[in-house]
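The letters A, B, C and D name the chains in turn, as written, and every chain counts its residues from 1.
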Amino acid sequence: MSDSTTVSIKNQNKSAASSLLKKNIRKFMNNKLALFGLIVVVIMTVACVVGMIVGVDYNTPNLTALKTPPGGEHILGTDTIGRDLWARVLYGGCYSIFIGVFCAVMSSVIGAILGAISGYFGGKIDQLIIRISEIFQAFPQLVLVMMLVAIVNKRGLSNLLVIFVLTGWMTTFRMVRNEFMSLKGETYVKVCEAFGMKKSRIMFNQILPNVMSPIIVSTTTNVAFFILQEAALSFIGLGVADSTPTWGNILNAAKSVSVVTNQWWVWVFPGLAISLFVLAINFLGDGLRDVLDAKQQ
Amino acid sequence: MNNQEIILDVKNLNTSFISDRKQVDIVKSVSFQVKRGTTLSVVGESGCGKSVTMNSIMRFLGSNARVSADNIQYNALRDGEITEYHLETYKKSNGPEMRALRGPDMSMVFQDPMSSLNPVYKVGDQVAEGLIQHTGMGKKEAREKVLELFRKLGIPDPESRIDCYPHQFSGGMKQRVVIAIAMICNPELIICDEPTTALDVTIQAQIMELLKDLQVNEGKSIVLITHNMGLVAEMADEVCVMYMGRVVEFGSLEDVFDHTSHPYTKALLRSVPVLGLADGQILETIPGITPNPADIKGGCDFADRCPDCTERCRQGVIPAFEIAKGHRVRCLKYDSFPEVNG
Amino acid sequence: MMRRKIALILSVALAVGMLAGCGAKGEDKKTADSTKTESQVEKGTLKLAVTTGDGSSTDDKIPTPWYNRVMATNLMFRSLFVADSSLAKASPDLADSYEISEDGLTYTITLKDGLKWSDGEALTTDDVIFSINTALKAATINSIYTAAFANITELTADANVITMKLSTPYADMINVLAQFAILPKHALENVDPLKLDTDTFWTQPITSGMYAFDELSVGNYFTLKVNENYEGTAPKITKIINYFVSDYITAAQSGNADYMFANAADQVEAMNKMDGFDSHEVNVLFYKYFLFNMKGVDGNQNEAMQDVKVRKALIEAIDRATLSTLYPSATVLNSGVPNEDKAYNGFEYKYDEEKAKKDIEASGYDMGRTLKICYYNNDQTSIDLINTVVHYLEQAGLTVEATLSNDGTTDLFTTRDYDIGFKGKSAFSMNEWYTEYMSGDALFGNVFGGDTAFDELIAQLSAATDEKESNEILKKLQDLEQEKVYKVPAFTVGTYVYTSKNVTIPDGVEFCNTLYSCDLDFENWEVK
Amino acid sequence: MLKFILKKLLMIIPMLLLISMIVFFGLQMTGVDPINFMVSPETLSANANNVEALRESLGLNDPLIVQYFHWLGNCLHGDFGYSFDGSAIASIIAVRMPYTFELAGYSLVLSAIIGIGIGIISAIRQNGIIDYVGRVLAVLGQAIPQFLVGIILIQFFSIKLGLFPSGNRVSPEATNTFVDAFVHLFLPVLTLTIGMVAVLMRYARNTMLDVLNSDYIKTARSKGIPEWKVYLKHGFRNAMKPVLVILVFRIPMLVGGSVVIESVFSYPGIGLTMTNAITSGDYPVVLVTTLIIAAVMLICSFMVDVFNALLDPRVRLGE
């Protein structure tokens, strides 16, 4: 076969791929909720990151101006020791979004790798990994967090990240494993095997791309899940150290009934930030599913 | 032709889908008739709208489909009496009027027997369901009927097979069950949507035999959707060739096969592989690719691929011409013949 | 498209409506409260809340009286004496009379006749002796008891007279006995003293006070009824319900607490905004203070804190006066003695950011090292306070890291991986503040490195019976503590007692430190 | 089938043993001394000797392995040991477990009915008004942190309107136990339900949509049976399996994961017990509650396998 035809087939594939991409983008754009989600996610992330780079002052207490209602010098008011809430929500966003994204991506990566191995090889390895995943699943997250916090003796960010990743990979794992089990019987996999391609190449270069869309979708929604989880752990006092202004830590002010009833802005704004972001991420995830999932087209 | 002779009369059927908030026309002013006790074959490439046309008639399309027609008339013959049903007037796809017809009057056999059966119910129950629904028959009695039909359809050991689940059946047997579901209420019109595509060749032949028997022995009318010209030649009394959502040629088997008129039909027939192809003889293909229904221009849809294309072919809507009685062709080559609807 | 919009608007409106509903609840709360109290409160029933949120009590038994005293246990368990609201004067309760020898070493206490436990058994000197002896062996007990009882050399009883001999005079002995709850020997003699506070006795206790235990619903509540064997005036309130709650304020708001106390700013703020409650300010010695870790991780020397100049400079960098605004009626103080007390020596730690900066630099402190702060109260006000402290120290050019400890005792006194600790102490008396400096103190000895400089003075202080004498000693102790700078008080925190408007309190009742017991004339309390 | 069930059941035992080991040694590795939780830093204790004696009497000075097997042996005799605050763990569990199951059970049933119901209607009437309202509400319910929902509900229903108590499970003045249970359970169940409905609804909707797109639904329609039969008999029956799996896996999340809700509502369930045990270093309780939650999880996982077999003839008939 001459080179020219190869190129032309490649080009053809490329143009087909780009037209599919265009079509998907168009489809996504037409999904107003998904578009809304994307815009909100992007705006909030950019705002938070910009806030962090500019170095908004999130940490200077001002005991003469505590619990100032929104307006004037402080757009969102000040918290119980007079720190600017707007700056805190921005800064906190960076941490919370980072926690969400990092844990979602890492747990997807681990889940995908183990799922690929388990699904592709099957047999004893599969059984072993399944057992491990069941043990992790059966473990209450709280106990793990507590043990790690106590072992490291610090309520650091890294603890939380480790725990979330450790306890978060099982769903992706199951999904990828099931997909691999059905895909490994496909002809193209058999062809690759017949060509003597390396197993790791078959797994990650040939099969995995076919599983990418559900992984992407579940990663997106996991971002929201981890952000909420962080807030919940903060609430029972097992989250990140209080000096780190995650959204969950800021929202902890709602533990105090007096704040809930008298200083609504102290908890409503971080609450809104979390809810809006999670909402947007969920819409985005749904939109991505609609675009990427062939079954629902 | 009268109502006695015609069982299904479709005039100017249009179906479009809403996708991406845009309307895409899939079936465009399709007209055809099915004669009682005969087989009509609808042929064409994949995606030409054959299945959509039939699903439009049976109203099996989802909520994003828009169906309109001047006339979809089904003439039931019961005890020598003709009852006319105007399907296009029924507002609800799955309303009581449509439901009353599905099963006892018209039924459908689907393409993929693997997925057409509900995996969680016993096949016998699935077949009996329609019967019980329409006749109010008791379970026992229905079971007898189902057994009888299974025997007739050549399902071996029906007494035990009736209590099996679909996954315990082979493809061919599953398709027999699907046919049984379609047959159980003894309908007059059976629409078979590529009933053998998913099956291997020997099974295909058995299933086709079965359908032919049904038509001949029981006087059923069959609409057979297929892209297999061999099957058409074997089964059809009349042939309807579709391309890009339009009927391009319609006529009896002889009209279409022996007096092939539309350039597309000609190309289609030339591209059929024949056993014992002579040495050096190359199987022809139709040049070009099927256009995307979403970006259709005016004129004849086949113009880009047609060897006889002229400037006129690229403008306006191409009408159909009746070149012989009952033989209609949608091509300007025959504009000397009278223009007809459909 | 329209539908989609309608749906979105509808759902958002619903959510906003709900948020708005509770945001703007201040105005019409009054009506809600009044209707609720009418419909729910039974006549003659007092409602109390026992919090489980701070880990100090569990919700499957009643609180024990030997550690902190709470209202419910005060009503169930009596002591030999009963204190007044200052906790510094006591009058006989179970005791009929008492005598102290000239040298302050022999106490003769006569018990009332015909005392009975709620189960009808007689309450005798045996119970008193059993209780004191057991207290010395118990693991979980307030140290004011062990510190006092450790001086007892001989404890005997003859009929209803108890004779107690001490090795050294102990000025507070009667006041301590006024807090010490006597427990029934016949129910507890077979219990391991170490596990006394966890015994099943506490799920159905036998009591000596005006109320007897009635019923416990684990995780929900326990109720008290009038003790028929109580020899004094029967109380007017016939039933007391104690709810186990996770949050006092919510309990008060929803009408589950007729009496409660608060000492955190947000709680006080919330309670003051509620109309259904009367507030009573209580004068207590609740110290909030910093302590410097001299010993470092696992008892190795903490080099960075050895220099007293560093310690002084760090305190100069913290504006304690401003910090005190986070707490209700907090008073800054400079030693264990409040500024307005006669014994106060007049020294003051001054806040001076610039001076602090210079002093720290001059002391040769390594500015690049991270200063570690350890604290263990996880309420919002404490967290806020620590965050502010961190800020002050950062202003002085230090790198600071604050850790909230889940396990205060280990982290502060065993692991010791910190430079500055932050603690609270609700003290029975000023003496208690100073006993923390004892070189042999099981906990603080680990932190201050067993400095014996204080021991002599502290011993004198606990023996001193004369006010003038003890003031002299206190002044010396203040000078010493300000020279050593091992621990620095930030302020004392005011406590407020709240009683609901349903409760009528007799005239002249003064509340005392809510973690101790005193005479509240409870038999004359009434509930609407 | 029976062999399959037995095999699955037997698998639970080694898993539980393994988990108990991990927790037991993990807790020891934390190096936290439970004694320090029992004696508060507020007590400036002159009782160091007493504390040491207490440590000895609690068996905390034995080698770890000895402690573990000692504990395990007792457990096998049905003696789960004693909490560090003295109560028999078995009795703690006996009191709290029913409360938690009650809370979890009602939430599960309620959210299943609402979530699956709306999900199915949404799928049937895709893009209809119920679909949109349901979807937006579902996402909202999922987006607000659960404890915030709880706090807001308490503020609104309990304090502002005075309709429901703000916490606990039993009230001493109750005349009618049914009413008492209802008022105490209403808010926590509602809070949990709001969170769960969202998940179930989305899942039920998606699964149902998948099923409704299948060919056998068309086959069912071709029989001319009424639409409700198409949806329920053919649609729902097939969508039920994956939905049921999700539903069953919610049970352990409810039992162990309603910690936050139990602490907001001071609801005396197992989750609250576990959190309190965690923060107060009550290891024997942490150990047993962890095992209970793990056991619930494993049993649910087993149940899923059994349901799968029951609902799907392909599995049931032994492949």
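Things to note:
Here is the rule we use: a contact is a pair of C-beta atoms (placed from the backbone, for glycine too) under 8 Å apart; a residue touches a chain by one contact, two chains touch by 3 or more.
Here the structure is a predicted model, which is why all the values come from computation and not from measurement.
Traced through touching neighbours, the fewest hops from subunit B to subunit C number 2.
Both subunit C and subunit D are touched by A. Compared on C-beta pairs in contact, A-D and B-D come out with A-D as the pair having more.
Among the remaining chains, the Cα-based centre furthest from that of subunit D is the centre of B. Spacing of subunit A relative to subunit B, judged by their CA centroids, is 49 angstrom.
Between the Cα centres of subunit A and subunit D there is a gap of 24 Å. Work out the mean CA point of subunit B and of subunit D, and you get 53 Å between them.
Rounded to a whole number, the gap between the C-alpha centres of subunit A and subunit C is 44 angstrom. In subunit A, the residues touching two or more other chains are 150, 153, 237, 260-261. Among the residues of subunit B, none is found touching two or more other chains. Shared contact sites, meaning residues of subunit D that touch two or more other chains, fall at 32, 127, 140, 144, 155, 263, 279. Remark: subunit C residues 3-4, 6-8, 10-12, 14-15, 18-19, 21-22, 25, 28-29, 32-33, 35-36, 40, 42, 45, 52-53, 55-56, 58-61, 67, 137-143, 146-147, 150, 192-195, 197-200, 215, 217-221, 223, 241, 243-247, 250-251, 253-256, 376, 406-410, 412-414, 423-426, 432, 435-436, 441-444 touch subunit D in the complex. The part of subunit A that touches subunit D in the complex is made up of residues 131, 134-135, 137-143, 146-147, 150-151, 153, 224, 228, 231-232, 235-238, 248, 251, 254, 260-261, 267, 271, 274-276, 278-279, 282-283, 295-296. Touching subunit A in their complex are the following residues of subunit D: 15, 18-19, 22-23, 26-27, 29-32, 139-140, 142-148, 151, 155, 206, 209-210, 213, 252, 256-257, 259-260, 263, 274-275, 278-279, 286, 289-290, 293-294, 297-298, 301.
Partner subunit C is touched in their complex by these residues of subunit A: 32, 59-61, 63, 80-81, 149-150, 153-155, 237, 241-243, 252-253, 255-262, 264, 268. Interface residues of subunit D facing subunit B in the complex, by the touch rule stated above, are 126-127, 214-216, 218-227, 229-230, 234, 237-238, 311-314, 317.
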